[in-house]
Each structure stands twice: as C-alpha cells, then as structure tokens.
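Next come two complexes, and both contain chain A; in the first it sits with chain B, in the second with chain C.
Right after this comes the complex of A and B.
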C-alpha cells in the first residue's frame, strides 16, 4: 500500500493505493490520526484501493469518530465496488459520508 | 463467472482414512471452488465430520492427498499451516465460545492472538462483525446468557473476524428452530456474497442444505454417493441418496436364526 496526502480546495485529501489489510492498516490508522491532529476537513480517497479488509475499515471508523468529536469533516470518496461491499456488510455505507469524488463533494456546498 | 471464480481452493484426491482398523473415508474425491458453498451430507457415521477435519488440515490422510491453494497439506511447514489457518474461519457445532469471556472478547480473541493491531481497531472490528450477525448491543453478555441461536451467531462473528477466505460450519442448524435456522442460512449466503468466501457446511438438515448449497456431496459409509447441484442430488436415482432425502432408515438385513439367538441367549429354561 502507498499513500499521498495533498491539500486541495480547503480539504486535506488522503489518497490510498493498493491493499489495505492486516499488515498495512496500522499505517493507515497512524496516518489518519496524524492528519487529524490539525483538525482538517479530511477526505479519504479509496478509488485506487484494490482491497480493504475489516481492519482497514475499522481504522476509517476510528478516524471518522475522532473527526466528529473534533467537529471537523470526514468523508470517503471514490469508494470502489469491493470496498463498498465490505462497508455494506456491516451497514457502514449508512454511516460514512460518501461522495464519488472531490468535485461531487464540492457540489454539496463549501466547508 | 470468471475463471478465477472456478479456481479450486481445496482439492481432495483419493482420500482414505482409518480410525484404528475401521475405514472411515474410502477414496473420496472432491474439489471446492473459490466462492462456492459446498454442503457435506450423510447419515451419522457416514464420515462427514472426519472429512471436515481433513479439510481443516487437522487429520492426516492414510493415503490420498488434500491440496489447499494448489499445494499438498503435507508439504506445508507448521508455520505455513498456522498462516493458512488464519485464512480459515470455523464455526463449531456447539459454538465453542469461551465461557469466561463476554461476547465481544470472544469475537476479538483471534485478533488478539494472531495480530498486533491496536486495541481500538480490534474492538471496532469485533463490533462490526457483531453488527453483521445482528448481535449489536450484546457485547457485554456472557455465553451462558445467550440463546442457542445467539451462540451460533457469536461463533460466526468470531469465525469471520479475520476476514477469512474459507468458512467452515459443523452442523450450523443443529438445535435451532426453523426460523432461526433460516436466518442463519441467509447470513451464510450474505457473507459469501460480500466476502467472496468459500463455504463448507456439514449438515444433516435437508432444508438448510437445499437453501444454501451450490453443490452437495453425499457420503455413505465413507464413500461418495454423489456430488452435484441441489437439483442433481434431488433427482438422483441412487436409492441410498433417495433414502437419505426421504429420511428412510435402511432396511437392515435380518438373519432370523441369529436374531432369535440374540433375543433368547442365556435365558432360563431355553
């Protein structure tokens, strides 16, 4: 798994790429918790994620809860079919704010 | 389906096994594909539980071979087998929960044993799986406080907590009422769909088998009577298969002389 963090249109975008599994999800968790220290409006881009397991999703859940308690935004963008089915199984597709892309998020109003 | 979907994850070839001198499995051949639900059926003593133990690499064959992911089980090192078992989720007949741990800690147990994940991640994962099996809110209960159906679902949550590639169930419906049993079947199918997991179910419950199976293997006295789709098994003209489906006890051949002797042996005045 690799990642890229960039600031764009007032958001902090974290692009994840590859497999997010038991061996890589601790890195994703640490990355998110580090990013959240600055209380950013955080978007996690999953469009290049080929596989995400429950540990990866659990890390996203923790990040989302932390950003909620900080009063900042947290959303997923570019959720692939594979990732969506993992989210759906635990009904988390009803929990996370999910957008197709940054552009779609921007259509929903400014920060 | 793609070629990938038809790839065999487990291949059993000419499996023969004994308990002592008694032959339990006799030249069993079977292959289980990725994403397939395979149901193992047969009467008591037919060898179905023994076959399950072999698929889990818990027993060694007397002869024949079992390949997991294309490699003979005998050729895996102990360490490789441990890694392999992390990809297998097992739900035993009685649930096999730890009585001293609450539901959440039972589900979390494999993660705490086998991973270095942060405890927050482990707890969220465990609770996610409890959501999947509709046991959300029961995290703090102890196994003794659960109904039969809840124990099965908690065991299932634990079986899937590591996101396995293969799921094994030993008599999932045993002791459950028909509605709870049907719910559990739905859950098994939902998991297959979402996780693309291969599922092996040992059962003698016909309704359940017909609901969930892609294919069924019927064992009788250690031999394979038939492997086929639900329709192929239902329409089989093999009398033993039909006996099993119609729950007809086999006619036991009676030797009148021997029978009479058994009844009257050592009786006074005879």
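Right after this comes the complex of A and C.
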C-alpha cells in the first residue's frame, strides 16, 4: 500500500492505493490520526484501494469516531468497487459520509 | 588557495627545487659524464657538497676510509648513487620549514624517510639497486607535502591522514583536497624533469601495475606498494591491519615467509636512525617492529576474546528467545483453551444446530454460540471481530460472554444487539468492531427471529438450491451508538437450512488469485446438502481442500436445520 497526502480546497486529502490489510492498517491508522490532529477536515480517497479487510475498515472507523468526538469532518471519497462492497455488506456505507469526489463534497456546502 | 586550485594544478604555483642540485641529477643521466666533471658540478652547489661528504662518511655507506674530497666521494658513490642523493637533497630543499610554518614538516620527512628505508631494505628482493629503492620510497608521496603547501587550510587534517592506512588515506585525500598525492606528485615530477621511472612510479603506485610498460617499472610499482603498507605498519592507528597487509604483499610479490617479512620489517626500525642522521633529518624515537607485533598479537587476543564474548551473548540471547517463545506458546495455548471453552461443547448438541470454528492463528477473532433457553427455544449467534490476533481474541471473549449472559434473559435479538452495541462501544479501542448475527429459533413453530449487525448475509438453502439471503440493515457493534438493529421474522420451513458464516469461508482460496466468493459458496452449500447435518460443516472444509483450495483466515460456520 502507498499513500499521498495533499491539502486542497481547505481539506486534507489522503489518497490510499493498494491493499489495506492487517499489515498496512496500523500505518493507515497513524496517518489518519496525525492528519486529524493537523486539520479537522479530512477526506480519505479510496478510489485506488484494491482490497480492504476488517482491520483496514477498523482504521477508518477509528478516524470516523475521533472526528465525531472532536466535532471535525471525516468522509470517504471515490470509494473503489472493492472497498464499496465491503462497506455495503457491513452497512457501513450508511455510517461514513461518502462522496464521489472532492467536487461533489464541495457541492454539499463549504467547510 | 584551495581545492579548486589543486584541481587544475598550475605548475607556476609549485615550489621549485634548487637548480644546481637538479642540474647534477640531469648530468648523472648523461653517459658521457665522467666523475671529474660531475665533481666539478657538485662543487658549484655548496649545500649538495656538504651533504655528499657527510653521507660518504656516514654509516649509511660504511666506507672504510675517510672521504675528504668531492671527486673521491663521487667516485666511490657512483653516478647512480649521486643522482639519487642529489635528487633527495633537491626535493628536501624545495620546501623549507619557513615556507610552511603551520605544517609539521619534520613529521612529514620522517614518514618519507621511513618509506625510503623500507624501499632500501626491499630493493634486493625486487632486483633493484638500494639507492633506487630508497629514492623511490622517499619521494613517492612527495605530492602530499605539495598539496598541504598549496592548501594550508587543510593542515589541521594531517594528524588524521597520517594515522590512516594507505587505502583509507588515499580516499580521505580525495575528499579533503579533491585530488591525490600521486596526481600532484606526477605533475611535479614532470615539471621538474625527474627521471622517467620515478615519474611513472609516483604516478601509478596506487593504480594497477598492468598499466606499466617495462619490467623495472613493474618492479618499482610493486616496491612502492609494499613500501606504503610497510611504513603504515609503524605509523597507522590500525597497526594490525597494516602488518597483515604488508606480510600478504611481501608473500605475494616476493614469496616471503612471515619470518622473512618480520626480519625485513625489523631492518626498517633499525635503519631509521642511521639513515636519518646521514641525511640530516630529525626523527623521533623509533618503535621497534617487535613491539608493534606484540601489540598486534594483543589486538588479536582481544579480538578473539570479543568474538567469544559475542558468541556467548548470542547463545544467551537465543536461550532467552527460546524461553520467551516457550512462555508465549504456553500463554497462547491457555488463551486458545479459554477461547474453545467459550464455544458450545460438543456434548451440548441440540439436534438442530451445528457449528464449526477453525482459527487461522493460535487464537481467533470469530466465534459462534448457541444454547437452549428456558422456554425451549434455541438462542444462537455468529460473530467476527475486526482484525486478528490477541486484541481481536480478547474482544471476541468479551462479546461472546456478553451474548452468553445477556442472551439468556433478553430473547429479542434486536434488543440484545442494541445492548451489546452499547457495551462494546463503551470500551472498544482503535475502531475495533464486531459483526454479529443473533437469533432465536423456535423448533416447535419453526419461527426464526434474527437481527444482523453488519455481518455477512445469512443464507437460506432449500436442499441443494439457494432460497434467500438477508443482508445486514445495521452497522457492526461498536461503531456508532443509539441505532436500531432491525428484526427479521421468518419461518424456516421444513427441508430448509439456515447458514451463517464468516468471511473466512467467503474468501477461501480455490487457487492462486481465485477466491470462493458468494456464488462459489452457494454452490458449495448445494454440493454438500446431501451430507448429514452433523458432518456437513466438516465436509464443506474437506470439499474446498480436496479441490486444492485453502483457508488463510479464521473460519466459522453455523448451520440451523429446520
């Protein structure tokens, strides 16, 4: 798995690529928590995620829970088919705010 | 003046030797020059005359009678000898201490003299004349002195450089000066018109000998290389390495035994004072080679001791590792045993419901449970904790205990999941969650109530055929609070079966890159439909394995027969 962090339109964007599994999810977890500490508007781009297991989903859940507790924003964008089917089966697609893209998120109002 | 100036060496910046001494050097190279004419030339250079007489009367040559005239000295020493002496004096006079006040020039000449002495004692072995060996050794690193003259700001690095072995010193020169003594020495030797063989040796003594054309050039090259390491044996911080390398080269080039090499090195320390006095060079007290060998042996003993200690520490560490591994394995065995005890015992078979749990690791994050309620109904669940390993196993223990206790009094699966969600959310860390299907089945009426918290869809089969599946309508336990877990009420008609499973089955491998997935799983249920329910779950696993497939995740399946 690789990642790229960029700041755009007032959001911190984390682009994840590859497999998010037991071996890589601790890194994802640390990355998201660091990002949330830096900026309270965090978007996770899952468009290039080829596989995500329950430990990877748990990392996203932790980011989401932390953002809720500190009143910041945490959303997923461009969720790949592989990630979407996992989230849908667990009904987590109803928990995480999900947008097709940053542009779609921006249409839903400013920060 | 710095490294840049050295980079494109300007010969007008170089020190110039006394012209008179240089004229003698050139005259010695002419075949028609007799001793008388040479003597006349020497007498025109007072410094050379004085040095020549002193040398001719020194122990260095060891003539039996006193030599009082220049022509006599020239006759005894010979043309080649005179050439070398003139050369040494010319070089030594070219850079005086007052031109480099901050540089320990005496130390440099001492190290150059040591190379000269090494070259002299080695000359015989190399089929070279003693004087040629001496001059080569003395002058081969003269370029370094010139480098310090041109870059005085690097003078503080002299101590560091002089304590290194030849190879490391060569690398450090390159870093500090941007050039090396062989390059600078060569430029200087060409500018001064020094004899060709000496120019070649200075230029190539850190290169491969194959680049040299004549046999005598190759011999000079080998001698210069040995001389560098032999001298380093006396000066380098790492004596041991220099002694070892000197012995290796002396054996390789001259077939010398270790004893013969030691004998040669002893001659170096013995010859230093005598030669220094002959050439008027001040040198410090000399360490004998024997005491250096003693130090080197001590070093070897210490190294051997260190090695033994390291071995001992390694053995200790390995024993410690094995002990910790044993301890961890015992702990894991205990954890596995506790986990097994959380699953229904084989003896608690209720005739209608069957479970299977295989762990990918020592402990599992999956579990199932079932028990008969006081009203005769059967309560059951299947669950999967996010992640794997010990943290997943501990959360599994908590979730299964909650289900086992609370499920006995709360018979509504929807309410039960709400309570479990609240409990797990309160204490869960790192976003860990539990997917769970909880249900209650009434064997009398075949009424089935189930509620699904983010778990994979329960599947109903009618024998070999797929009948229905019920995807989750609520997220897993431990993700968000204050949510409803919708209740599903169906009748499990006769000849129908309810299958609950974890992703270990869904994601079983059939071959490289090919997983079972949902469709393969439904076919698998169909294929095994005719097997007795008591053996069917084991048969599912056997079927996959018989087809060359395997499981790399925890696997749990629960089967409820109508």
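Everything that follows uses one rule, which is that the second predicted complex is superposed on the first by the 110 of 111 C-alpha atoms of A that agree within 3 Å, B and C clash if a C-alpha of one lies under 4 Å from a C-alpha of the other, contacts with A are read in each partner's own complex, and residues count from 1 in each chain.
One rule holds for everything that comes next: a contact is a pair of C-beta atoms (placed from the backbone, for glycine too) under 8 Å apart; a residue touches a chain by one contact, two chains touch by 3 or more.
These numbers come from a predicted model, not from an experiment.
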Checklist entry - Looking at the overlay, does A:19 come into contact with chain B only (first), chain C only (second), both, or neither? => result neither
Checklist entry - Just chain B (first), just chain C (second), both, or neither: which does A:27 touch? => result neither
Next on the checklist: One more residue to check, A:55. First (chain B), second (chain C), both or neither?
Outcome noted: both
Next on the checklist: With both complexes superposed on chain A, which partner does A:94 reach: first (chain B), second (chain C), both or neither?
Outcome noted: second
Checklist entry - Of the residues on chain A, which ones does chain B touch that chain C also touches? => result 22, 25, 29, 54-55, 57-59, 61-62, 89-92
Checklist outcome for this item: The residues of chain A that touch chain B in their complex are 22, 25-26, 29, 53-55, 57-59, 61-62, 85-86, 88-92
Next on the checklist: Applying the document's contact rule, which stretches of chain B touch chain A when the two form their complex?
Outcome noted: 115-118, 120-122, 124-125, 128-129, 131-132, 161-163, 190-191, 193-195
Checklist outcome for this item: Counting only contacts in the complex, chain A reaches chain C at residues 22, 25, 29, 54-55, 57-65, 68, 89-92, 94-95
Next on the checklist: Looking at the complex, which residues from chain C come into contact with chain A?
Outcome noted: 384-388, 430-433, 435, 454-457, 471-476, 478-480, 503
